[in-house]
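Consider the two complexes below, in which subunit A is the common component and subunit B and subunit C are the respective partners.
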Partner chain A sequence: MDALNNLAGGFAHVLGGGAIFHALWATLIGIIIGALPGLTATMGVALLTTLTFGMGPDKAMLVLICVYVGAIYGGSRSAILLNIPGTPASAASTLDGFPLARQGLAGRAMGISTTGSWFGTLFGTLILALFAPSFGEFALQFGSYEMFWVALFGIVIAGSLSGGDALKGYIAGFIGLFVATIGQETNHAYPRFAFGNGDLAGGLGLLPVLVGVFGVAEVLSAMRGPAVKAVSSKIDSVIPRIRDVTQYWKTILRSGALGTFIGAMPGLGEDIAAWTSYAAAKRASKEREKYGKGSIEGLMAAETGESACVPGAIIPVLTLAVPGSAPAAVLMAAMMIHGLNPGPMLAITAPEFIYQIVAMLVVADMVKMFYGLVLVRPLLWILLIPRSRLMPIVFVLCTVGAFAITSRLFDIWVMLGAGLLGFVLREFRFPMAPLVLGIVLGDLLDKNLLRGLVLSGGDLTPFFTRPISMGLCALTLLAAAWSIPGLSGIFRRKRAVA
Partner chain B sequence: MNRRSLLFAAASLGVAPAVRAQSPWPTRPTTIVVPYVPGGPSDILARTLAQQLNARLGQPFVVENRTGANGAVAAQYVARQPADGATLFIAASGIMTINPLLLARAGYDPIGDFTPITVAISASNLMVVNPSVPANNLQELIAWLRANPDKASYGSSGIGSSEHLGMELFKQVTGTEMTHVPYPGGGAATTDLVGGTLQLALLNMATVVPQVQAGRLRAIAVGGRTRHPLLPEVPTMVEAGLPDFTSGSWHSIVAPRGMAEPLATRIHDAVTAALRTPDVAQRLAATGFLVEASSRDGLTTTIETETARWRDVVRRAGLAAG
Partner chain C sequence: MSDVDAASPFDGEKAPTSPRADLITAAVLFALGVAIVAQAWQMPRFIEQSGTGLTAPGIVPGFYGAVLSLLSVALGLRAIGRGGWVVRGAATGNAADRRQLTTAAALGLVYAGGMVGRVPFWLASALFVFAFTSAFEWDLGKQGRVRRIIEAALIGIGTGVAVMLVFEKLFLLRLP
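For the complex of A and B:
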């Protein structure tokens, strides 16, 4: 009962004094930032932090949470309409979102994205309200040894993302892993594949590469010829369908749980949440053949996962003062600036604050749903613009996005190079998903393996003997065995017999 | 050459007539260059200052994040800008003292390439241990480390960070041995320290204070010259028995080299006045920083003395330019 009273108190506190007005503009700004390729949720929250200096802490937090929630959701607009993820979190949404749009179902795809995202944030918020402390404790058990296995597990299940030719999927994945190793390694700052070049020693940023392989490659594909017919302008259903939810409730729950869990792990973020939810949904799906060709379930899984990650990433901020993702790190800095001291003492000094954050997340989620319904029609107009007019604009936006994060010309070269590579790979029907996942997970794998080895003095045993490591190792081996066609057949037959 | 261009020439030589002492600044938007990504302490300082200066001087102050090579990219960029007051730089202590010692070609000279404005803010590092370490004070910690050489690992927020070099200095002064484990930031190191993978660390105050207050980490000593208001019961390193030992970080404001004295003084006065505003001081204190607002000479002295100190540590730890 206490919790309910606290929650009611949280809502009453948050909803006063023009809160809805602030939530409305902040979420819209978040969606716009998210939808522009290259501008990320992290950047959005950081830039808005300055604007909130003059506000009270409650309003400031509400604004920043709305921007965060909005940006993660907004990234899927461009993923669905243009095949270009607005933020790294939405890369997985291109896999099925864009094929749906090509089939003339862009409105439906955005509806599914809205529903999935709405449920995801709501699910994560519920977990935050109920289990924040124990979830935070569990996250602490994940050190370098465990993170190594998490990354390896991700790489193993990534094989299932390749769509057609598994070999091409693995080749693309290894290119991604290779890109992740360029630059100084973490323990001794030893430059790898830098050839004495200072810029290369700094490594290739995920964002310029992502904008390149999706954005620039898309522009090049469009320039190559009129092969791609303008997407049908027929306006399909723009209101999310109840049936999509009832049909895929298992996927929504699974993706929500995965997304929240990944959010709570420091060092993992919305992008990994989306990929994992997508891969898990594909494995469990009865309609696996539809994935990559416009699967409603696949899009739903990716959207639910990335949006559940947002409240998930806030859990360790509140309970441990350790951010679960990059935007959550900026959010934590903003909390400190506003004199709110997140961390283990929060439950003692200001327990009501946790419930206020819950209320803010719910408000942001509702406003997101509102825009999800209102913005569909105006967004569909983008599809009416001829691609010959649209693509130059997209190219400029990509360049701005790649440059904006660090203001380095080098990043634009990286974007162009990655674009060219992405274009060639696409022409030869290599999938882009394993490539991006390879970059994301390669960094995690590399850093945690090296750090783990330094911690253990070069000894490999802690990777296998620590309890959680052992479990994750078994899970990885099982997933690897499952991907071998002969073995998975045996598993399935046994299950059928049982 | 007409009279006007003569006047300009005179002004640019820094021998402008007294009337010009009240240099018209800013005459156009000023860019504050931040060497790291948005959200960190440099960024917070820049944006807080930008807002204050904007309100006080009625001209826009724009924050620009130029990241890369531990801040060297931004430093090289600022060094090439004209010294007309349109570019200011948030130069963190690592950029002004440690980078040139660790990098073979940093590409800038902390003293020669910049006009000093002020040491804006400073933060102490705090020596913390995981509660499983049987030490309640500095002497017990040193004794434990000596009894267990090479058994302990310490975390830092990266190679060449004040936390890394501070700990290397600690090893050298106390004659102890332990393994350094760099992390991509203090937060990640804190997680492993609380989780027990690491035994100790000398980390930025703001990062670890919540953990100390909750009893998840034990505070041993503060790296500042004085005790810290957030943990008044914790002694300084000097009080705990290590003479001359300080460890912390600071952020300075500098401009490109060759700025005319009156303009530099005017910028110094405006920036320090903004820093001393109670609102600003309070905001920065919340993130663990204390406002210094030093004199211009104070910054030069700080850079020189610290560079000398760290040069010695870097050399003895075998970290020199590679």
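For the complex of A and C:
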């Protein structure tokens, strides 16, 4: 009953004071950002964080959640119409979305995408509402030792699974962790890696680094390489069909559950959720031969999975202060900037906040559905904006975003440096998710390792012997072992024999 | 049929790099890891304050540096195993790609590193957007070039003014 009261309170709180207006413009911007190839949800949340500095925390979170939800959905527009995923999360949607568009069924494909995405976010939000409060209470048992393992587990699992090459994933994660150590540490205020520079001693701001890694690096990536000729088709009705939902309800539920679960795993993110949901749907399907040639079920699975991942990725943010995806990492950084303290203590200090987030997700989902039905042709025009006109504007917004938080020109240089680092790492196929996770989790890992060592008087055993610590340690080692080719082969062979 | 002037930035993200490129990357990362460890080692230990030295500022970055070195050795060994020592990797991208990248990076550096803070922000942004758009649309052919340049100027001025109005006046943020 308390939960229902809190939920009602959450909706009442969120829906007051022009919230719908903010939700409308923020979701629209999110959809446009997601639809435009080269602009990702992570970049969208990072850039829009700047706009929210003058807002109260609740309005700011509503805006950023709407941008996040909208951007993940928006990526499917270009995936279906142009065969170019607007965000990495939408890559799986191109497999069946674009063939449907080529068959003259672009409208139906977008209707399926809208329906799947709507159900996905709703399913994930339901899971968040049901489990986040109790998981938050469980997380209160986590001390320094456990939080150290949670942070390390995030880096390891993101490194293992986010980019295909686990070794490069780990390296990206540890580079991120190193970047987070620059500046004064907390125990003795000693400036690490500052080399006598006062600005460096103050540390690298999270937002300038993230804007650089995702904004500047993406501008450079987008401007390199040839322009492609893409095909669009005429658009039929985008009204979703009831039959598509009733026929594939099992796929929707399975993809929703998978997407939410993958979202809740630190650092994995929407693209893995979409691919996993797509693969699971294909395995269970009676019409496998249609996959890749315009399967409605395949498109539904991918869209449901990626959108269910969004609320899933927010679950560990709220309960452990560990992000489930790269956009969720930026969202978490924005929460900290706005004075909200995500993590285990949230269940005590502001339990109502979890339900406010639930209400924000539902509002964003509804607005997304509205735009999905009415905003088809204008989006097609926006998709045709040449990159030579779009990217310089994005660069200007990145500069504003980097500067605005502390008004230091140094932060613009940080953005440029981070952009160069992100671009070079991307060129050498280092995944970005572990890098971001490393930067965001660096402080958590650093503080908890040192605090744990101080509490135990230098004894390492509590890191391995406390029950939850032991479990997290085992999970971390298992995740690391899984990425070693020989060992994962043994696991797979054993499973095949069984 | 319609043309879209943007390649997917995510194409080829899963494609592996050449073993030679991995080997060079590993060498650079190893040097970085060792440098981090060396810097961390030189940091004060604060043993008198903490009693144990366990809060020494260099412990955590030193650990990261050591792990980074080990991982880069693993990357290097893997690259050698794949022929990185003997096989030369093909140069990535063609001359046009490199020219586009250099142009974008140079314009971005001049704008963010040189003009911002010295020139009024709206003017710097307008000039940057104009220069960027004009530079990348110059090669589209003589036909319509004047029109494209006029459009670039209008987009530049529009961006500069809109950014100032939205961020400074509407959202009350300080601009550089």
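Here, the second predicted complex is superposed on the first by the 273 of 498 C-alpha atoms of A that agree within 3 Å, B and C clash if a C-alpha of one lies under 4 Å from a C-alpha of the other, contacts with A are read in each partner's own complex, and residues count from 1 in each chain.
Convention: a contact is a pair of C-beta atoms (placed from the backbone, for glycine too) under 8 Å apart; a residue touches a chain by one contact, two chains touch by 3 or more.
No experiment lies behind these values; they were computed from the predicted model shown.
Chemist: Contact-wise, after the overlay, does A:Val219 reach subunit B, subunit C, both or neither (first, second, both, neither)?
Modeler: Only subunit C; A:Val219 stays clear of subunit B.
Chemist: Could you tell me if A:Ala333 is touching subunit B, subunit C, both of them or neither one (first, second, both, neither)?
Modeler: first
Chemist: Check whether A:Phe53 is in contact with subunit B, with subunit C, with both or with neither, and answer first, second, both or neither.
Modeler: In the superposition, A:Phe53 touches subunit B and subunit C alike.
Chemist: Return first, second, both or neither, reflecting whether A:Val454 touches subunit B, subunit C, both chains, or no partner chain.
Modeler: both
Chemist: Which partner, subunit B or subunit C, touches the larger number of subunit A residues?
Modeler: C
Chemist: Check whether A:Gly417 is in contact with subunit B, with subunit C, with both or with neither, and answer first, second, both or neither.
Modeler: Touch status of A:Gly417: no partner.
Chemist: Give one of first, second, both or neither to describe whether A:Gly9 is in contact with subunit B, with subunit C, with both, or with none.
Modeler: neither
Chemist: Once chain A of both complexes is superposed, is A:Ser407 in touch with subunit B (first), subunit C (second), both, or neither?
Modeler: In the superposed model, A:Ser407 contacts both subunit B and subunit C.
Chemist: Quick one: classify A:His188 as touching subunit B (first), subunit C (second), both or neither.
Modeler: Touch partners of A:His188: subunit B and subunit C.
Chemist: By the touch definition at the top of the document, which applies to A:Pro386: first (subunit B), second (subunit C), both, or neither?
Modeler: Second partner only, subunit C.
Chemist: Once the complexes are superposed, what residues of subunit A are shared between the subunit B interface and the subunit C interface?
Modeler: 50, 53, 187-188, 407, 454, 457
Chemist: Provide the residue numbers of subunit B that touch subunit A in the complex, in ascending order.
Modeler: Where subunit B meets subunit A, its residues are 37-40, 43-44, 47-48, 50-51, 63-69, 72-73, 153, 159-160, 179, 181-184, 187-188, 190-192, 194-195, 197-198, 206-207, 210-211, 213-214, 216, 282-283, 286-288, 322.
Chemist: Going by the contact rule set out above, which residues of subunit C touch subunit A in the complex?
Modeler: Touching subunit A from subunit C are residues 1-10, 13-17, 21-22, 25, 29, 36, 39-40, 43-44, 46, 49-50, 52, 54-55, 57-61, 64-65, 67-68, 71-72, 74-75, 78, 92-93, 96-98, 100-101, 103-105, 107-109, 111-113, 116-117, 125, 128-129, 132-133, 136-137, 152, 155, 159, 163, 167, 171-176.
Chemist: Flag every residue of subunit A that touches subunit C in the complex, lowest number first.
Modeler: Per the touch definition, subunit A meets subunit C at residues 36-38, 50-51, 53-54, 82, 84-85, 88, 91, 163-165, 167-168, 170-171, 174-175, 177-178, 181, 185, 187-188, 190, 192-193, 216, 218-232, 383-384, 386-389, 391-393, 395-397, 399-400, 403-404, 407, 409, 412-413, 415-416, 419, 426-429, 445-446, 449-450, 453-454, 457-458.
Chemist: Spell out the part of subunit A that touches subunit B in their complex, as residue ranges.
Modeler: 42-43, 45-47, 49-50, 53, 139-144, 186-189, 198-199, 201-202, 266-267, 320-323, 329-330, 333, 336-339, 341-345, 405-408, 410, 447, 451, 454-455, 457
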